[in-house]
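By written order: A, B and C. Residues from 1 in each chain.
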């Protein structure tokens, strides 16, 4: 057996989307990994930065129009374009999550951090999106693409969400 | 040379989207890998569960509005919002696939399973999306995020689609 | 220490989307990796083929409707469906990129190729999307899914964008 066999496993995730439905997979995977004793890091970039901004995370929405397989299956696109459709799809997904005992995103973030999941805000896209360090939730570090690559290159699982 | 050199390669894929265009990449990659002698597993989660549901897989659609680079390039968004636009984009993609001799999704699934590709339905999001075991196509197993991580951690390639 | 410790690191990326915002992550990651001395390859498939087509790359757009967390946060969906909305979101993102000193996609591609990043056009989906070899930018090679899997299986980081 080599040293590798006893090394802690690691998962490196990129969260690039700012929709409610896209916020869950990295949080679920990172939290599950951490609860199994893995190191887990999530790198938030582009629209994904919304997930770790204090004033944005509560407002994440499902895009009813973008997803013909989304929560509101029966809704034709024209109806989907009405201002209330995103709201309806978002409310529906929140209810689904609640019914399945999956916590809201903010609670999920707390849980993940409590389990040791590391959160990184992408420094390059913070500049692009006009996100300031003060906008970020507590406990999120700032890191560049090079730092992510270094972290990911020794990870056992890497996924771009 | 070590034991690793003779181990079968493995690909672990997550299929998280329920659109027609997003159904193909995991099926193409898994089937290609299996035909090269690799182990291949696809983990269907969130809207991706539509791909392995008997009564949904035939109805997968392309989101014309979501994708400005989608099949109907000339279509402005307002037109894209009309009820017929998703239908038109879906028909166009099906024709493209057929012209390129790429089988429809249901046939592709049969082919993948015939080559030994393993299909897993995510237990957590089955609960969220209200998917029952009976809704799944034959040969799909149910597995949680921890099982996926275990499978992926020894894979040579892991991708989230 | 083994031979692995001195081997060059490698990143294998798939670019499957043809929106302006989705064009940047693979270019940023590949270019950063190459500048760190890694081998870097990007495999363009499905709508991602738009990024390496001479007559398409200049026209990449942001989908305002698809992304409730997109550039135009205050825009309700109905407004998002108006023909000008995608144009407005695209112009806004281009300005953001420019303000953050991130080059336009065409310059980024030149920079990546100058650093040795390899570009591959997916042969299977070229057929599907009706893309000809002559449509591709200079320096892009054509490769199939099997070639990608071979390249990716010895990569340190693999991501599907």
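The rule we apply is simple: a residue touches a chain if its C-beta (ideal position, glycine included) is under 8 Å from a C-beta of that chain, and two chains touch if they have at least 3 such contacts.
Quantities reported herein were computed from a predicted structural model and do not represent experimental measurements.
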Contact graph of the chains (line, ring, star, complete, other): complete
C-alpha-based rotation, chain A on chain B, 0 to 180 degrees, nearest 5: 120
Numbering shared by both copies at the chain C-chain A contact, with half separating same from different: different
Separation of mean Cα positions, chain C and chain A [Å, integer]: 21
Shared-contact residues (touching 2 or more other chains) in chain A: 63, 65-66, 80-81, 158-160
Complex contact set, residues of chain B against chain A: 12, 14, 16-19, 45-47, 50, 56, 60-66, 80-83, 85-86, 124, 127-130, 144-146, 148-149, 152-155, 158-160
Complex interface listing, chain C residues touching chain A: 9, 11, 21, 24-25, 28-29, 32-33, 36, 38, 63, 65-70, 76-78, 80-81, 96-97, 99-100, 102, 156-161
